[in-house]
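A, B, C, D, E and F label the chains in the order they appear, each numbered from 1.
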Amino acid sequence: MTWKEYHSKVEDHILILPVGSTEQHGPHLPLGVDSIISERYSHAIAQKVKAVIAPTINFGYKSQPASGGGPLFPGTVDLNGATLTSLIYDVLKEFIDDGWKKILIMSGHYENDAFLAEACDLLLRNQKEAYPKILLTNWWDNISQEILPVIFDEVEFKGWAMEHAAITETSMMMYFTPDLVHENLITDDAIENPPTYQRFPPSETLIPSSGCLYTGKSSTAEKGRLIVDDVVNNIISILKKEFTVSEVKYV
Amino acid sequence: MTWKEYHSKVEDHILILPVGSTEQHGPHLPLGVDSIISERYSHAIAQKVKAVIAPTINFGYKSQPASGGGPLFPGTVDLNGATLTSLIYDVLKEFIDDGWKKILIMSGHYENDAFLAEACDLLLRNQKEAYPKILLTNWWDNISQEILPVIFDEVEFKGWAMEHAAITETSMMMYFTPDLVHENLITDDAIENPPTYQRFPPSETLIPSSGCLYTGKSSTAEKGRLIVDDVVNNIISILKKEFTVSEVKYV
Amino acid sequence: MTWKEYHSKVEDHILILPVGSTEQHGPHLPLGVDSIISERYSHAIAQKVKAVIAPTINFGYKSQPASGGGPLFPGTVDLNGATLTSLIYDVLKEFIDDGWKKILIMSGHYENDAFLAEACDLLLRNQKEAYPKILLTNWWDNISQEILPVIFDEVEFKGWAMEHAAITETSMMMYFTPDLVHENLITDDAIENPPTYQRFPPSETLIPSSGCLYTGKSSTAEKGRLIVDDVVNNIISILKKEFTVSEVKYV
Amino acid sequence: MTWKEYHSKVEDHILILPVGSTEQHGPHLPLGVDSIISERYSHAIAQKVKAVIAPTINFGYKSQPASGGGPLFPGTVDLNGATLTSLIYDVLKEFIDDGWKKILIMSGHYENDAFLAEACDLLLRNQKEAYPKILLTNWWDNISQEILPVIFDEVEFKGWAMEHAAITETSMMMYFTPDLVHENLITDDAIENPPTYQRFPPSETLIPSSGCLYTGKSSTAEKGRLIVDDVVNNIISILKKEFTVSEVKYV
Amino acid sequence: MTWKEYHSKVEDHILILPVGSTEQHGPHLPLGVDSIISERYSHAIAQKVKAVIAPTINFGYKSQPASGGGPLFPGTVDLNGATLTSLIYDVLKEFIDDGWKKILIMSGHYENDAFLAEACDLLLRNQKEAYPKILLTNWWDNISQEILPVIFDEVEFKGWAMEHAAITETSMMMYFTPDLVHENLITDDAIENPPTYQRFPPSETLIPSSGCLYTGKSSTAEKGRLIVDDVVNNIISILKKEFTVSEVKYV
Amino acid sequence: MTWKEYHSKVEDHILILPVGSTEQHGPHLPLGVDSIISERYSHAIAQKVKAVIAPTINFGYKSQPASGGGPLFPGTVDLNGATLTSLIYDVLKEFIDDGWKKILIMSGHYENDAFLAEACDLLLRNQKEAYPKILLTNWWDNISQEILPVIFDEVEFKGWAMEHAAITETSMMMYFTPDLVHENLITDDAIENPPTYQRFPPSETLIPSSGCLYTGKSSTAEKGRLIVDDVVNNIISILKKEFTVSEVKYV
């Protein structure tokens, strides 16, 4: 997209900023799962509403042991909180200076949330008008309760923090980028008793050595499609409500 | 406590740092609920293991609309994330420089977590030894599943984020500091549909005007006692495991 | 105080923010002397003018050897200057956003001054209007010259920096919280020749091993009462002049 | 790449970090030119030496009027210097913590240099050993003088700062991603007299309204191939010398 | 001094860093009084001990109304506290990296103290060895009590904060750089009642419109010489004690 | 200059801020070359237009090996980028608060540029009006192509980065301050092949041990005069164009 095309869309398009991470996702998934998923969701949303997709933020906040395996795994490349907040703040400020009024941050990494929200708050906390408006969301908070029994048909759902490199992420990757999933390496590993506290420095034995927090068995591309359709629908509803946009059909 | 008393306990005591907030808690509870509760828990723990309690951190991270009412309520006095992280970092560094090896951070404010964890990580991320060791926890993650039906005997449990100025906090305050609870002002207010996204700037109509996210009716001091005993027992178990301390009896 | 009570007072009350420290105060006084004293003064002032008292800031700037014993004493838990400035800045900004126009910072710790002033300046330096207005003061600058001979009836006055854990602080603590003063442990220790320079890293032998910079003997609760009455009167005069408030009588 | 594959390469591979920008590149080139080019160079280098390519940094330092058009063009999304430095610092620190010893930063954006170098210096300035070692380079400093006459066969070479959206970048894009080049929109625009100073706030008339600093006419994919082969060869020579790596053949 | 000369002195010389300010000093003195005085003292000290003098820091911390006139006077060009601390920290770190073991900071500006001390503490707080050692001092703390009656022979001494553009500074400037003193413009102005608190934003009427806080009448070059000789002697004594240097005679 | 003189010139004078460095300049030139040269240029400019010269910034950004010898040389005392940016930002903000509308930053140190520009951008990036306006320049970008053959009459010109302690700087110092040039120590040293990349940590053998990057032989005071006159004329032209000032004659 050239700068003139970009400029022509500022008035009536939504800007979507995908934010992922570079983080171990078990022996069967690539390091970029969170970035790929947030980017793919952004494209799926842009099929239904007028939207421009910004370049993906490929590094995120620090993986925590009980939700992503933590800092001890190779390949987990984390930003300090202040760095992520500054990065998102600067980028959002530039978008707003360019005239964007409706911005959606689509995060694919559990630990990003607080620092993304901090950036948004620092940028807009003194603003009295409703616009520019920024929405911050992710896929896991937008899965309908109704489809959970279908996804977790063979094992119990144990909370979203545990769904790292597990059934939901594996299924979505099988749907989005099947070539990047090593199905033969999917494990049955799981944390026994997720702790009710955080410990510093982190334990070296809390997490299964595979890096998986919960079983990825019973993942299917079909479950992935089901999740994606559901989440996209729910997010489109949010966009209709908050941004008063209407759905369009791109072929 | 004089500096000589303090110094004499460094070797065989745990240091507990209570971290609260100054935040609206509906019409029936004081602004200091989170500080009071974290401080009281610290004292209850110190009844059972050798511990020194540091001065309470009375200001916390930014209240979020869907878990604390958000920034628009008067009396909610929030710190920026970087400020809270620096504050906790500096204080922890001084404790460790004084020789403390076993530190427990007891938080009473939902939104503090990411920024407290960031401070701990920044301080200890390059440490190879197991000690000094810092544990970060709170009361809600340490409530046993078994007692939930007793607490939520009249209404459904809707998740901890909703438990702001609601049954659990009100019950604990009725147990800890009954004089500070205006029982006649307890409301039945609740957020209708908690959002699955964050919005900036925040909505002025999302939250009930009382500031309560969920009903506080059916709160009792007895439920408060039940929660506190349960949480303290669970945290003592953590301390025994992580710090290899033994339980003592103070009369 | 609930958020509604707090909100109702914004228009015609002063907001007082007590700022103390956690610092060794010799063998006879607790670590929290500066916090306790600033808090007690805040309450004494609130007996005479309409005022709301914010939660106390319990940690302060770095104790200096020649005015507080310095960093080598256990129990002295110091903040970096930038941290204290950010903390005070954030809190003051929130108060002002809540509508407070008249704010008094009551400090009880000698070394805090420059960093408290920096926070106030950063917050208000571009403001053209007279209000919101922040006053920053402490007890030692508001003791009348006239009462010094009564306080220092047995020994010479050697400057406020030396009055650490000495006659004035000990006398005020005997008046405010006699239970926290170990009178039998009061020493006659003093720095021989206070240095005319600062040295980094600090000397380990400059300060008496008790941590007292000057004798605390001849302290009495009566002297404490005299100081407190005098300081409160002087601060009330300042508030009348700067905030055009009138004195009220609470019983 | 999974974390186990990544981990297996730490010992004998180079890590390449592509750093680009999001910046206007005239009416004929996309906003992501600098990111695309740095990424493509990384892949070309990885064809000849054992290398792992990290996710691309898609946002860079502020475009300057006389080398990129400056902040007034829509679509130019810039980071503050401190943000870029923190981002690169954090990412490099994590790579080094993962065990990487040989790191190449491949930049495609003229203005990034000082802030990338600052990150490297802050990270390694106290290191006494030769490794880990970081090399920072770009394509323009590695073009051999010998090929300049071939590239600039129709117009004069006016310095690299002027080569923004001009012959060299356009030719490389025609070679790397011909689909993204709107050849019909290539202009003959040029800055008349590039200034010998910087001005704040920037002039609105200094830069041609197309955003091109120099003509892109006479660009060809063949020139692009020539540049790329030359630059890759020169960078391979650097890697051989500094990292004592040997060239490999991937088919 | 070339880098080779500089390098040859690292082992047995003291390094002196003069720190001043750019601040109004009444109608009769130049803006650079504090820089000039600190530089001249550095040279006077270097006449008596082996010393290298670093370039002067010409900007200092914020002038306060009651000790320098404050921010409302034109020509008062102040640094934020964090900036001054970073500046001094960076410079000291480089000196220490170059091998200097004995460093003296000679300040000529009252308000600098806390932020200079902060820089020194941040740099050396974790150092266990005695060297490198940094001393931080100024001229006013090193004036012997004995000479005060000679200096203040016509008017009362009212404390060092008041000695801004008054007798001591004016006398020293008459001794050091008589050409820069407009003797005919010396005023009798003085603050009536120096406040016992700080106020933000500052009052526009607290300070005499000349910028002088106390009378400069009765200043003489002879008093200047007396002060300088006294202060230099006292600082030489400190250097002998702390750095175990011996006095040398340069002709 | 007193504050009243300074204040009287705000309306119709330019403010010039000289920014130098403290950096090795070979065996024949002093550490302060960049500060001296930027200061002397400021004075030369102030001979031709109405201007006030601010105190010189004597420390600059980090010397780079291939343009200044780098951090390994004693006497090179560098600031971190963030420090230099804060320093310049604070000082410029104060000048603008004092009413200055036309500011010229005159830099004498190659590596300062990006961080000086960052300070200017951060300060003025949201300003819509043309004034206050800041120009940032240096001497090397303002040398006319025409005089290069005269300067480089005996050796080839190899780019400005190489002109460290070489012919141009040595010639200007011979013109400005001949007493500070050790002509007998001028070397013929030069970097053989300037690298096309930066390396961290820096090489200890890249730079000639003298610290000179290129020969200083064939320097003359006459060449210095030629450069200075040319540069001053060119900068005066810029000032006339950007600030619409007219040339004045001071005798």
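The rule is short, and it goes like this: a contact is a pair of C-beta atoms (placed from the backbone, for glycine too) under 8 Å apart; a residue touches a chain by one contact, two chains touch by 3 or more.
Just so we're clear, the structure is a prediction, and the values are computed from it rather than from any experiment.
Colleague: Using the touch definition from the top, list the chains contacting both subunit C and subunit F.
Modeller: The common neighbours are E.
Colleague: Which chain's mean C-alpha position is the greatest distance from subunit D's?
Modeller: Chain C.
Colleague: Measure off the straight-line distance from the CA centroid of subunit C to the CA centroid of subunit E, and report it in whole Å.
Modeller: Chain centres of subunit C and subunit E, defined by C-alpha means, are spaced 28 Å apart.
Colleague: Nearest whole angstrom, what separates the Cα centre of subunit A from the Cα centre of subunit F?
Modeller: 48
Colleague: For subunit D, write out the residues touching at least two other chains, lowest number first.
Modeller: In subunit D, the residues touching two or more other chains are 80, 82.
Colleague: How would one label the connectivity among the chains shown: line, ring, star, complete, or other?
Modeller: Topology of the interface graph: a ring, with each chain touching two neighbours.
Colleague: For a quick check of the interface rule, what order do the chains take around the ring, beginning at subunit A and passing next to subunit B?
Modeller: Read from subunit A toward subunit B, the cyclic arrangement is A, B, C, E, F, D.
Colleague: Note which residues of subunit B are touching subunit A in the complex, please.
Modeller: 61-62, 64, 71, 80-82, 85, 111, 113-115, 117-118, 120-125, 127-128, 130, 133-137, 141-142, 196-201, 234, 238, 242
Colleague: Residues of subunit B touching subunit C in their complex?
Modeller: By the definition above, subunit B touches subunit C via 1-4, 6-7, 10, 22, 24-32, 35, 54-59, 73-80, 82-83, 86-87, 89-91, 94-95, 98-99, 182, 185, 211.
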